[in-house]
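Look at the two complexes coming up: chain A is in both, with chain B in one and chain C in the other.
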Partner chain A sequence: MAEPKIGVFICSCGTNISHVVDTEAVREQALVLPGVETARTYRYMCSNPGQEMIGAAVREHGLDRVVVAACSPRMHERTFRGACRAAGLNPYLFEMANIREQCSWVHADRPAATLKATALTRAAVFRVARNEPLDGLTAEMCPTTLVLGGGIAGLTAALELAEGGYPVVLVERSDRLGGNLARVDLTAPYLDSARDLLTERITRVRRHHNITVMLHSQLKALSGFVGNFTATVQTADGEAPRTIAFRLGNVVVATGYREFDASRITHYGWGKLPNVVTSFEFERMLRSGRIETKDGRPPRYAAIIHCVGSRSREFHGYCSRVCCMTALKYAQEIKSAVPDCYVSDLYIDMHAFGKGCEDFYKRGSEAKTLFLMYGKNEHPVIRRAPPGDDCEMLIEVDEQLSGERIEIPADLVVLMVGMEAREDSAEVAHLVNISQDKDGWFIESHPKLDPVATTTEGIYIAGTCAAPKDIPDTVAQARAAAGRILARIARGRIEIDGVFAEVHEERCSGCRICNELCPYSAIEFDSEKRRSHVIAAACKACGACAAACPSGAVKARHFTSEQVLAQVEGLLS
Partner chain B sequence: MAVRVNPKLITELAKYGADDVQNCYHCGNCSATCPFSKEPFVIPRRSMRYLQMGLEKSLRGDLEPWLCYYCGECSEQCPRGAEPGETMMSLRRWLTSRYDFTGLAGLFYRSTRAEIAALVLVALLTAAGLLAYGYIWGGGDLSAFDGGEGRRPFLPASAIHVFDWALGLGFLAVLLVNVARMWHFTMRSRRSPRVSAAAYLKHAVLLPVHFFSQKRWAECKETTPWKMHLGLMLGYVTMLVLVMFFLEPLQHGPGIRWEVHAFGYLATAGLLAGTIYALRGRLRKSRSSHRHSHGTDWVFLGLLLAVVATGVVLHLTHRLGYGTAANVTYLVHMMAVVPWLARYPFTKWSHLVYRPLAMYFAALQSEALTSRVRGQEQPAALARAA
Partner chain C sequence: MSHEPQIVGFLCNWCSYAGADLAGTSRIPYPPNIRVIRVMCSARIEPEFVVEALARGADGVLVCGCHPGDCHYSEGNYKAMRRFPLLKQVLEAYGVENERVRLEWVSASEGQRFAEIVAEMTERLRALGPSRVKAALQADMLER
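Coming up: the complex of A and B.
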């Protein structure tokens, strides 16, 4: 191999780097390193003139390797790889030395920091000399999307994708579409009917030529990688139960939530006291248009208890987000249906964060709802009132705003049961290879910047399977997931980064240690050849397989032993 | 022991003027801005809470509404339009009705119509009584003052004296019973610390101090209402003293006796200024404390204006020598004054006694709680109060 021709470009980052690091000294030290043809400093290397400077130097000196000593590669690696590509270099013949985050920002001693920056730059120079040109791959993108779950999230995502012109298979476990929302009467805070919201969606989904709805169906297996998945679905939709397999490119997981089991809190007496009902049982009352006790009388006193199963040490620590506004809706609905009824609302904190919600809360106050605050990790106790009392039950609790231990009369008690991860969530997570948090909710790729993608490419999450949320947020997520998928389909093929693991077939003993180890299920076992094989598109280049392989058969491209050792040598010499 | 909440009380209080208390969500801005909300008192938030929850006994034993002078800062600061100032005002009305054992105060507050009917009735009875007295004992000549040459006055000062003293003592007796009830509700409540007789004596001076100076009110941001009220109150007390003790020289005439009448003029000026200030404020709704007017507020001011105006006309006609006109005015004046006095134990007027008493009781409670804290670990009552 001919001697490489390396160019070193040192950035001052305004004064971010140069106020601590003597960049001129770094440049002089770099010039004497083996293979270095030229070394330059510049105020902002990432700027257009900076990038052009790199291109000009490549042409002038016939450089075939580039090192930029600047900020973190997380910040500008993509930028400089682009600059190399524009100058006709393979972008993997480039290396970055981080002398800002790992040097100037964390050190104050100028000579020592300059020494460190010099060492980091030398490490990059040693490594880049051993870098190999790499090419990315492309793969086909199957335009079909599998949507798991027929609630408001699944329906919305399916419609959005179908309207985009691509086929959708909607798989729903139960025998009907609509999910949990179908059990709700009106929605807070604008009091539109849940039935109206759903009927429109369901009718359109049912009629859409791009959507295949499969009720009574479950995903049984999913193999392959983004753009090229194969799903196996077991379905009882139609005559005989059968299993079908089909190809697809992406998956939207919209499996929703289940409600907290109120019988787990024994002192609420749900299941024992006839007039203690859950919010979903109360929704049924509202839909039938009759708010009454079990013996058919309108209640004189109604009480609503928030955070049943939510925000407690014992059950779930999180807030279920929709119960506060739903409780306010109940208070107003009871007041308008039974004007003589006194409504007490027992809450821990009133979370009225959404659009229109603060006004809704105020309306609840104006309707003379008695708001009573109880403490976190405390439970109101419900018992039967003594005979002769003017109410059926008494709720005893320490009221926080007055500091009093109080008892509240009630003929009807509504428990605002929280949301929890479905019992089958672990199974679903395993099938589509995504992670769950401690509460069982599916984890997003980034909670703020990438909230609908997951760490598995091609698998998206939307709605309450990821965490409790209200209808607007659920719909927004469903549309976001669909939008992400449509954008990927529009690109036609999938580009796969050149950095991934490869199995050297001749060295592979077929021990399959790597198969189980891979966190992304990116390694397949070829049972004919009895060798493991990496699916490049699914590989995230974590290196676990390369480290574990007992015969050294796995090569992590761009992170070969030779490259890493050269980097270490550069750092230490 | 758990206390029962009563969601009905808030509806009951609406009749006393507390229309917006349900809007309060206890952010505490009101108490942060209130100059009087200092340990162990939380003004006005705690009273608002008791009211929302319908804790009638706690509310009945609550001194805090009396410690508020309705400067209106809390209502200005309230983000929810819960009108804490007006709620405290309404609670003072409600407390007045709780202290009053006759139940009349409650009746009048709940129905302005009943109050007006009662006033008209008393006015007519007064007219009938005085006319009957004048005809039977005074010889039927309508000369209330000196009766002219050698004639017996129609309503001699001595007779009026007997009458006003009897009336005054009667109402005082009613008021004393109410005061005793106030003491029992507040100082003997579950929440109140026990106060020794020595402490009662030690702080007794607070009663006249607060009665005459209302100095606590001067701590409010705006002091004009305090000044106007002080003028009105001192005018009223001066007039009461003149009538009760110096009626004879007051009625003598038509010549002016400056040693008495000078005080009368000053008192009248104070009364007129205070009344007009309050009436104008309520009509224009310029200050937040004047924005809401209960029916009884209008009756109070209307009647006060009638008393002062008839008094002024009476004085003028008498001094200018229009004998008959003066005598007719005298009767009309009495028709306003007697109902005015008769309302004393049952209406807003009783705050003349309740307020300084509350100030006195509050100081006693405050001291008892502080000394208890010094003596031992923090007791539960103070922990609650704080």
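Coming up: the complex of A and C.
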């Protein structure tokens, strides 16, 4: 093998890296490593000038390998592989050293961080010298998309894809379409009817020749890979329950949320005090057109409590995003239906971030609502009023703005229950092979730059299964997921990464250990040759077979033993 | 000055490496003693990788994968889990103290947990002092 010609490019990331790591020292240390032709620092290596700098250096020095010491490869590996490809290099002759997420952002000691960044860079240089040029594969893209969930997100995604001219199978667990939105009366801040928003979509979905709706149905298994999945769906839609299997190319997960169980906060008395209701129970009242207490009287005093289950140490730390504006909507609706009613609104902070929401808040504040601020991690306490009082309940609250403990009367209390991950979210995540965060929400490929894709190719997420969000954001995500899929279908075939396992036939003893180990049944046994061989398109590159092969016949491309051991050597020399 | 141990980490791409990145994006500090190698799955980690790290002077090796049941490749972490006790037995025969080699589960959302594991392991290795097995392992590898 000819001596490699390696270029090392060290990023300061503005000052994100250079405020802790002495990038100049890293550069000097890199320059003396075997095979390194040039080493440079730059403020933003991922920027256009940064990428062009790499290209120019490749041409100037005749580089055949590139190392970028910058952020996590999970962030920009794809970017720099692209830059290498543009410079005429095979993208696998590239390596990243993670000196931001795993160095400058977690260490404060400059000499120690610089030493570590130097070692990480050296490991990348040692490894890249042993990297091999790889070619990917292409495979067919089945144009059918599976949409999981028939709420506003699933309906929207399904329509978008069907309008694009491709088949959609929409699988819904319950017996109806519409999801949680179907339980809502009017939506904030423009007071459009949720029914109007939904009915039109449901009708179009039902009538669309490209959409198959399966109610009472559940995904039971998903195998294969992007463009070539096979789904097994159990359905009770129609006559006898049955299981069907079909081919598909992509999946939109739009399984939504469930509401927080208000009985978990015992001192709110939900389930015990008859006139303490959740926001969804109140929506039902609104849809029936009667705001009244259990015994059929209009309330004289109504109270709305925010952040039930949200923004608390005890339950969920996050904000559920839609409750503040919904609470303001309730205050206005109560005022207009029962003008004599005193309405109090007990909140922690008023979150009015969406378009039109601040104006809505202003209008709400003018509607003679009494706003009382309670402290985070403190809860107002609801109890029955003593006989003789003109109200049914009393709410005690440590009001933050006045600093006083205030007692207010209430005949009707609405609890703004937050959103939480559905009880079946872990099961769904497992089926489609995506991850969940600590609260159970599905994790996106990148929270800012790739919010609807996941780490599994061909699996997209939209709406509240990924985190609480309002209708416009949900619809935008659903359309974005559909758009991503349409773009992939339009390309016809799909490209498959060059990283997969390979069997060296001459070394293979035909023991078949790897056949059993492969979770994707991607290793076949050729009974004539008595050798195993890998179906590259089905391989997902975990490398379990390579680690287990007793004769070292399986090669995990791009993660070979030589490459990993070179990294070990680089880290420790 | 007390001994500053060097730890080599082998982290799976999908859970643990993402968890370590999350410690970074959340700015959760931990000791700079660990240096990480990314593999696709904990099942890819050959015993040889761990032995090589120790032979080249690492004072400890940390292997991290997805929690049981959460593997991106459905059950790769179980394979790592089964392989690990065997490796530890062999290493024990070379006099490698039990604490030097660790297998932990770190999910993509557990930046805090990753930082805590590294801090705790660094502390223990500091107390344990420099690895004495480097020389023994190197001699043996040369013989082969």
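To be clear about the criterion, the second predicted complex is superposed on the first by the 369 of 573 C-alpha atoms of A that agree within 3 Å, B and C clash if a C-alpha of one lies under 4 Å from a C-alpha of the other, contacts with A are read in each partner's own complex, and residues count from 1 in each chain.
By definition in this document, a residue touches a chain if its C-beta (ideal position, glycine included) is under 8 Å from a C-beta of that chain, and two chains touch if they have at least 3 such contacts.
Since this is a predicted model, take the numbers as computed values, not measurements.
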item	value
Winner by number of chain A residues touched, once chain B and chain C are compared	C
Chain B versus chain C as contact partner of A:548, first or second or both or neither	second
Partner chain in contact with A:476 - chain B first, chain C second, else both or neither	neither
Touched partner set for A:338, first chain B, second chain C, both or neither	neither
Touching partner for A:113 - first (chain B), second (chain C), both, neither	second
Which of chain B and chain C A:103 touches, first, second, both or neither	second
First, second, both or neither for A:368, with chain B first and chain C second	first
Which of chain B and chain C A:564 touches, first, second, both or neither	second
Residues of chain B touching chain A in the complex	1-5, 7-8, 10-11, 22-26, 46, 49-50, 52-55, 58, 80, 384
Footprint of chain C on chain A - complex, ascending	72-75, 98, 100-103, 105-109, 112-113, 115-116, 119-120, 123, 430, 433, 435-438, 443, 455-456, 499, 517, 519-520, 540-544, 546-548, 556, 559, 561, 564-565, 567-569, 571-573
Chain A - residues contacting chain B, complex	301, 342-344, 350, 361-362, 365-366, 368-373, 396, 399, 401-409
Touching residues on chain C, where the partner in the complex is chain A	6, 8, 13-15, 17-18, 20-21, 23-25, 27-32, 35-41, 43-46, 48-49, 52-53, 56-58, 69-70, 72-76, 79, 83, 107-110, 115
